[in-house]
Structures are given as structure tokens and as C-alpha cells.
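The data blocks that follow each hold one structure.
You will see chain A twice below: alongside chain B first, and alongside chain C after that.
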Partner chain A sequence: MDRRFTLLSLALTAACAAYLFWGLGASWQFVLSLRTGKLAGMLLVGAAVAVATVLFQTVSRNRILTPQIMGFDALYILMQTALVASLGLSGFAGLAAPVKFTVEVVIMIAASLVLFGTLLGRAGQDVARLILTGVILGVLFRSAAGFLARLLDPNAFAVVQYASFASFARVNTDLLPIAALLTCGAIGLALWVAPRLDVLALGRPIAISLGLAHDRLMLLALALVAVLVSVATALVGPIAFFGLIVAGLAHEAAGTHRHARLLPMAMLIAGILLVGGQTLFERALGLQSTLSVVIEFVGGLFFLWLLLRGRIR
Partner chain B sequence: MIEVQGVSHQIGKTPILSDITLRLPKGKLTALIGPNGAGKSTLLSLTGRLMALQAGQIRVDGSDIGTTDTRALAKQMAILSQSNPLGSRLRVRELVSFGRWPHHQGRPGPRDAELVKQALEDMDLTALADRFLDALSGGQRQRSFIAMTLAQGADWLLLDEPLAALDMAHARGVMARLAGLRDAGRSIVVVLHDINHAAVWADHIVAMKSGRIAAEGPPAQVCTAEVLGAIYDMDLQVMQVEGKPLVLHHL
Partner chain C sequence: MRPALALTLALLPLSAASLLIGAADMDLATLGTDPQAALILTVSRLPRTLAVILTGAALAIAGVVMQQLVRNRFVEPGTTGTAESAALGLLAVTLIAPAAPIWIKMVAASLAAMAGTALFLRLIRRLPAREVLLVPLVGIVLSTILGAMVTFIGWQTDLLQMISIWLFTGEFSGVIAGRYELLWIAAAAAALAWFAADRFAILGLGQETATGLGLNPDAVMRLGLVVVAVVTALVIVTVGMIPFIGLVVPNIVARSMGDNLRATLPVTAAGGAALVLVCDITGRLVRYPYEVPVGTVLGVVGSLLFLWLLYREPARG
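On to the complex of A and B.
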């Protein structure tokens, strides 16, 4: 049991070391500081996506859903576009990054609680309806964002475009301190309520019979998901299927339903995949910013495999 | 004692329960019977705080379920509903262990392990303890959920159709076990569809029809051809076998 944990930790350390020190070259101080920022960003994104996906799958009692499939990140992009459209390019650029980001996260939490809280409350038992509603909401948010983007001038459009494509090579390092603070806070809270999440996964009637404040915990978990998805999307842009791979692998590797073990496992796996993959692409293969495409491709295949294996539960 | 006072409930505009006032005796095995759609499950869910009360008040041994802390209530009362879709893939032992959660909040001790073992034995599950729930038959799953409810060790057990999907032998086994718990001082409320199980094992029967109490009393009083015939709108005969009423409803 604990051997897997140690092995994964070692693998993550090795991946981080390889990313930092492989092919440093002459101006090593500059390169190292650049890489450290990117590495921190990738680790944050990995941890955020991992925890968000596991939490979301627990709340929705479904192993093929991710917050992204349900349109969480589309909501974030819509908000970005709306901000640029309403404030104008200079107004948008004039906002201090941490302030803007905090306000965005607060709006995300409120919006996702209203949308997904009611959705999960009412249709929680009905998987087909849940997925369909999520897909429709996602399309709605994307179309609304697309419509707003068409109204923008080309410069503003370029800014929105930049925020809407995932790239692990181009981590938005200005946001790192505030993102780190939010991510660590949210993950800490998730780990603290981990034993209660185990009970939540038993379904509403049993959880209530066991004395869990079910509805309150569900809303807390959704708020955490909103924070973590906002962080990940703000740092590298939307990534749809990465969380699915991570949560799937974590369930296999952890071999338990206990969140206290599942969550750290998922974070480790996410870190290894991102940092290891990026090292491989950037250094060994000399390619730039294609990791997200590969991850999405593999993740999509994994999603299909889950569907075909009938593991929708 | 569970006191239900002036409870009404509607879903949309359809009335499910109309002004129910009822007292369920402590230390007894009470059966809730009645035709489909009579409101039995709704009444049980409201009592077990699975649904929010719309009108009226329910008290369990004096604690108002609307205002009492849900954690404290979990030690007083355990409820098992009809369908229990799980989000995680669990083994039988893991599921039953969750029954102790109200007492240890995630940190089980040796006493908890002992009670879980006892509940597994009581429900004839020891041989299946390490199997995954999704690899079990409906009846075996049902027994696992009942075992979890037993392990919770609450004074009140509210069970919604615990005999659904059970074979004859296990159905009788579960009823006998519930009667044993009653003898040990627990209070049990159970929704039953098999009227004969209610007639033989229950101390008190509450018959419902269209959201109202249609009859209430000991089995000998409720299980008569006139009373049951009026509740279910059908002709039936009642015989006496070894001093217990036997309802012939399938002829």
C-alpha cells in the first residue's frame, strides 16, 4: 500500500529534477528561475485538476464526469470574455492580476453553486440527464463566449484567444502567488473533510442516516471544485480530459474508496503526467506546447474506453 | 416514542400525506402497511429526515427532528430507504463499517470492529464480507445494507421494505432478527408489503390508505377480512393458524 505512494513520490521528484536540470546550458541562473516558475505552475495545475475531478466525481457519484465536461471551464472563459467586452482592453489590462483573479473566483463559486448545486440536487440520481444538461450548459457557455468574442475588436479578441487555449509551456506566472494560496487552501480543506467525503459517496439517504450534513458538504465540495477549476483554467487554459485520466488512474492505483488516500494519489499522478510529459516533449523531442494536445487525445480515448467498458456509475 | 403531529406533505400539487397524527410505541416492532402510493415511504422518509417537513412536527423520543443536530439524531435513529445507489465501489465489510460512522467520525476503534463483525454474522454475510457489492445478488446487497443499519446501533430502526428481493428463508431470518432486536430493547418501524410477515412478527400495525391512517392496532385487530378488504379494495380471507392471523390474499 504505502510502497506505491513512495514510488509515485520518487517518480514525481525525478520528473521535477529532470525538468529543472536537464540541458541547463550557460545562462543557467536565468533558465533555472524561468523553469522554476513553470514547474510550480504545472504542479499547481496538476494538483488542482486532480482534486477538482475526484471531488466532482464523488459529488456527482459518477466516474466519467469531470468539471470540464460539465462546462465549469467554459463558464470561466465566458466570464473572461465578458470582462474584456465590458471593461475594454485597457480596462481589462489595467486590473491588478490578483484582484481580478480573486473577483473572478468569487463569481465562479457563486455561479457554479447556483447552476450545479440545483442540478446535482434534482437530477443527481439520473446520470443521463446530468450529463446531457452539463453538455448543453457547456455548449451554451461556449456559444455565449464565442458570440461576445465576435463583438470584440481584433486586439481584444487576441487577448481572449490567448486565455482560451491550454498550454503548459506558457504558464501565467503573474498569478502564481495568489493561485498557490487558493489551491493550497482548497486542497487543505478537501483533505480535512476527506473522511466525510467517503460518507457522501454512499448517497444522500445513507449519508443523512449516518448523521452527515449532506447538502452542506455537497455545496462545500462544489465551491472547492469551482476554485480549483478557476485556478487551473487561469494558469494554463481549459483542459477537458486530463482530470479524467488522473482520477481514473488514481482510483486504480489507490485501490480504495478512501479520499484521504485517493486525493494525494491523484495529485501525485497528475504531477508526474504533467511534469514528465512536458520534460519529454520540451527536452527529449524538442517540441513546443503540444503536450496539451496529446493529453487531450489520450484522455479522449480513455473516456471512450470507460464508456465502452460500461463503467458509468 | 415517535410522535407525528399534523404532518401533511405534497409533491407538486399532489397531496401525499394529509394531516397525519400518530404515535409509534417505543420498544415495539411496528409495521406500516397499505397499498402502493398510500404514503408509507414518504412518512418514513420524513421521520428519518431524508425529506424536509412541509407541515407538522415529528419528535423521536422527545427530540424534534427539525431542530435536533443531525449527528445526535444518527445515534438515536437509523433509516434505510428502498434504493441505495452507491458512488464508490465497496466491499461488504467496508459498507457495514460505515454504520459505525456516527460514533467514531472516521476513526474506528476495536469496539467498532467487533460490532461490525456481529452485524455481518447476524445478516449471514460473514462468507461474503470481502466481496464487492456490485458482485452480489439483489438480496445479498439488501442484507448488506440492513447489516450496516444494524451496526449503527441506534435505538430506532426505520426500514423501508427490507424484505424486497429477499428469498423466503432470508426474509424470515431478517424478521426474526428484528424481533430479536425488539426483545433486546430496540424500537423498529418497518414498511412491509407481505401482510403475513406483519401479522406474525409485528406488535403494532399502522395501515395507511391515500395519505391517511386507515387502521391502527395490534395484528389481531387490523388483520381481519373486513379491515384489510376495505384498505386494499379486494376480497380476501383470514384464517387463524397457531393463534396468528394468516391472510389468504392470493387465492
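On to the complex of A and C.
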């Protein structure tokens, strides 16, 4: 079992090394510092998405869901559109990155906590209804964004469209410290409650009879998901199905349902996929921004495969 | 039949409003003397109003049929991958044979829609029967993924603009005489559903009950699949995707009138037509003389109605 862990760690190290040192060229100091920042960003986003997806699948007791379908990406796009529409192009471009990042994260976390909190209080254990509500809210946000986008002039629309596609290449290194703080805090908390998450995964009646404060832990897990997804989305843009691949592979590789093992495994796999994929696309294939589109495509196929094999829970 | 009558009467003023609203000046009083006004009316306004009514009615009925096939109230062709499959088929034809006549595109889109719906029906058979809300959830995820595939192919082939404007947000601003007549076929397919209304109602009782009552469930299933696929594909080929009509209208009608499909189908059709008309007129007035696509308006209105339904109605199978 631990051999797999070592192997994955080695693979991640190799991927990072390849990303950093492949084709350095003459001005290596500059290139290296640039790449280190991007690498850190990718590792952060990978870890955040991995942990968020595993937690979300545990809470929803469902292996085909990712937290991003709950309308996070739509809310993000709506925020970008609303910002451009209200501030204008120059105002949007002049926004200080840390301020914009903080505001986005706070709004997304607040929105999801309002959704999770009120709905869990009201619907009790009806997680499917909660998720469906999130999905429909996502449609609502997307339509509202489309509505606003119709009122924009073409230049402003192009800016919104650029912001609406995820790109791992445009991670802003100024934001990394605060993003790292939030992500590491949330992941640390998740690892700390990992044994209790194992009990949560057994379902509400069993968990309660085993003495678990079920609803409170569930709210905590959802809050962690909200923080992680918000940070990842604000950092690189909307990514929906990446977490699905990661969580699926982590379940296969870990061969256990214990979160203390599942969570690190998922983080390693996410790092390997992101860094390896970016190295491949950037250096070997010479493509710049299509990694996110390919990840969505492959993630979609992976989802269909999961469904057809009946691996729903 | 009183609700049907009331809705049909409501359609009259709405249609009149739809005939009168538009960027070009047109006065009904001068219709007889002004050839320009007559031209606008017959080439643009009348076809557009007819297209809106046909689309709304056909989509609402397709939604009812879909709900009977799946035995779940929270599905419609737009949330089960049907619409996205049709778009995928249309995109494939556009890439392989750009010059193909419209009926070939239509057939390809219908076949793809049928395949997508069949895939969805296969998928949900694996779901636990108690989880009513898991069915629409799987459907929405499936449509998101098929949509991502369409986007991916569009990205690779530089057709993204065509996809997002033509396929993903339905609008009626491009409708003129000669460019909407395919919708009559969609309406005919929907009318077919009315003739088989009792069979669909029985199918909604479940496979065993239907067989016990002397019905061939597979044959009715195939008929329903054809109706849903043809309606969805034709609407997408002519005006693009229009979300939520097939979901909210049948649910609201069923809340007040129950599940006797032969009695409710005409009401559902009239209700769908009225809702799309209202949204189309709204879209035309919000930024007059520019237009907001009806697909966008319905995305907002429809999702709010859906949320209301989700929390008002106890979830039933």
C-alpha cells in the first residue's frame, strides 16, 4: 500500500522537476522564478480541487458529483460580467488583484454558506434536493450573466469571455500567499476531521447512532468545500470536471475509504495530472491555453464511463 | 375544458402584441393601403408569432412525453442530454458536409437526439429507484458533458461563435417566412403524442402495470423517443435551445388538473405557447429596439419557476 504512495510522490516530484528545468535557456534565473510561481499555483489549485471533490462526494454519498456543478463557476462568471458591466473596461482592468480576489472569494463563500446553511436546516438530510437547487441556481446565474453580456459592447464582452475560460497559465503570483493560507488551513482541518468523515460516509442513521454530530460535521465539510472551491475558482477560473477524474483515480489508487489516506492520495494525483499535463502541453505540444478544455473533455468521458460501469456510489 | 379555453383566449392578445411589437414601424390601420406594412406583417411578424407558438406548444408536449418515459417529474429534453446530443449531431453534419440541405441536418440532429435520449434512459436504469431527484441530476450532468464536448469541438474548429449564438441560446429574431416551416413538422410530431396520450399515461404507471393492461411498453417507449427527439431536433435546427419549457409548464398544469393526459395535453400546449410568447415579447421590449434572446429570458424565468416547483411540490415519481 505504501509503495503506491511513494510511487505517486516520486511521479509528482519528477513532473515538477520536468516543469521547472525542461528547456530553461540562457536567462534561467528569470524563467525559473516565473515557473516556480506558476508551479505553486497549480499545486495549490490541484490540492484544493482534489480535497473539495472528495469531501463533496463523501457528503453527498455519490461518486459522480463535483462541487463545481453547484453553480460556483456560474457565480464566478456572473461576478466577472457584473464587474465589467458596472465598472466599465478601464475600471475592471484597474482593479487591484488582491482586492478583487478577496472580494470574489468572500462572495462565493458567503453565497454557498447561505445556500448550504438554510437548505440543510430546512430540508434536513435531503442532499439530492440541495444539489439540484445549486445546479438550478447555476443555470440562473449563467442566464443572468448571459443577459448582462448582451448589454455589453463587444470589447467588454471579449474581456468577459477571456475571464470565463479557466487558464492555468495566468495564475497571479501576488495572490499565492493568501490563497495558500486559506487552502492549507482548509486542507489541514479536513485531514484533522478525517476519521470522523469516515463515519459520516456511512450515512446519517448509522453515523448518528455511532455518536457523531452528523449535521454539524456535514456543515463543516460543506464549508470547507466552499472555501476550497472558491479559492481555486478565483485563482484560475471555472473548472468543472477535473475533480471528478482526481477523485475517481484516488478511490481506485487508495483502495480504501479512509479519508486520512484518500485525501493525500487525491492531492498527489491532482498535482501529477495538472503539472504533468501542463508540461506536456506547454513544452512538448507547444499549446498554451487548451489544457483546461481538454481536462473538461476527458473528465466528461470519465464521468460517462463511471456511469456506464455503475460506479455511482 | 375551461382552463384550455381561458389559455387559448389569453393567447389572442399576446399574439396581437407579438404582431405589433418590432423595430420597424407598422400600423394596422394602414395595412390595406401600405404595401410595406403588409410585407412586414406577412414576412416577419406573422411567421415569428407562429414560430413562437409552435415551439412553445411542441416543447411543452415533448416535456410531458419525456416525463412519462422516465416516470419522473423533474426532467425535460433540455436537462436529459437530448438537446445537447442534437446540437452534437448538427455540428457533426456542419463539419462533414457543410453544404448539406437542411433536411439532412434535421435528420442527423434527430438521430443524434434519439441516441442521446436512449443513452440517458440506459443510465438512469442503474439508479436506485427511491432517489427521485438523482434522475434530473444525472440528466443535467450528462447534458453539461455533452455541451462541453460541443464546446470542445467548436473550439478546435473555430465554430465557437456559431455554437454559442445559434445553438445554445434560442432566439426568434432570425425567423422570417421560409425559415421556420420545419416547426410545423415538430408540431405534427407533438400532435401525434396527443393521439397516443392514453398510452403515454398508462406507460407512466410503470412497465408491469402497462403490460398488465395489455400495452406493449417498448413500442410506446419507441414512439415517445421519436416524438421527443424530433421535436427537440427541429426546434434546435430552426431557433436553438429553449430551456425549461418542457419542465415547468407540464408541472404547473399537472398541479391543478392531474394526470389525465388526454385532457391536460391541450392545456399544456397552450400554456407552453403562452409562456414562450410572454418571454419573447419581454425579450423584445427590455432593450427596445434591440433584442434579448428568448433562451436567456427563459433561463432566468424558468429556473426561478423550477426552484419554486422543487420546494412547493412534494417530490413524486
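One rule holds for everything that comes next: the second predicted complex is superposed on the first by the 249 of 313 C-alpha atoms of A that agree within 3 Å, B and C clash if a C-alpha of one lies under 4 Å from a C-alpha of the other, contacts with A are read in each partner's own complex, and residues count from 1 in each chain.
Throughout what follows, contacts are C-beta pairs under 8 Å (C-beta built on N, C-alpha and C of every residue); 3 or more make two chains touch, one makes a residue touch a chain.
Please read these numbers as outputs of a predicted model, since none were measured by experiment.
Applying the stated contact rule after C-alpha superposition, one finds that A:133 touches chain C and leaves chain B untouched. Using the contact criterion defined above for the overlaid structures, shared-chain residue A:173 touches neither chain B nor chain C, since it reaches no partner. When the two structures are aligned on the shared chain, A:150 is found in touch with chain C, with no touch to chain B. When the two complexes are overlaid on their common chain A, residue A:212 makes contact with chain B while staying clear of chain C.
When the two complexes are superposed, the chain touching more residues of chain A, out of chain B and chain C, is C. Shared contact residues of chain A, touching chain B in one structure and chain C in the other: 62. Partner chain A is touched in their complex by these residues of chain C: 74, 122-123, 126-127, 131-134, 136-138, 140-142, 144-146, 148-149, 151-152, 155, 169, 243, 287, 290, 292-293, 296-300, 303-304, 306-307, 310, 315. On the side of chain A, the complex with chain C involves touching residues 62, 64-65, 69, 126, 128-129, 131-133, 135-137, 139-140, 142-144, 146-147, 150-151, 240-241, 290, 293-294, 296-297, 300-301, 303-304, 307-308, 310, 312. Taken together, the chain B residues at the contact with chain A in this complex read 45, 48-50, 70-75, 77-81, 84-90, 94-95, 98-99, 101-102, 105-106, 145, 148-149, 152.
The touching residues of chain A, when paired with chain B in their complex, are 57-58, 61-62, 125, 195-196, 198-206, 208-213, 257, 313.
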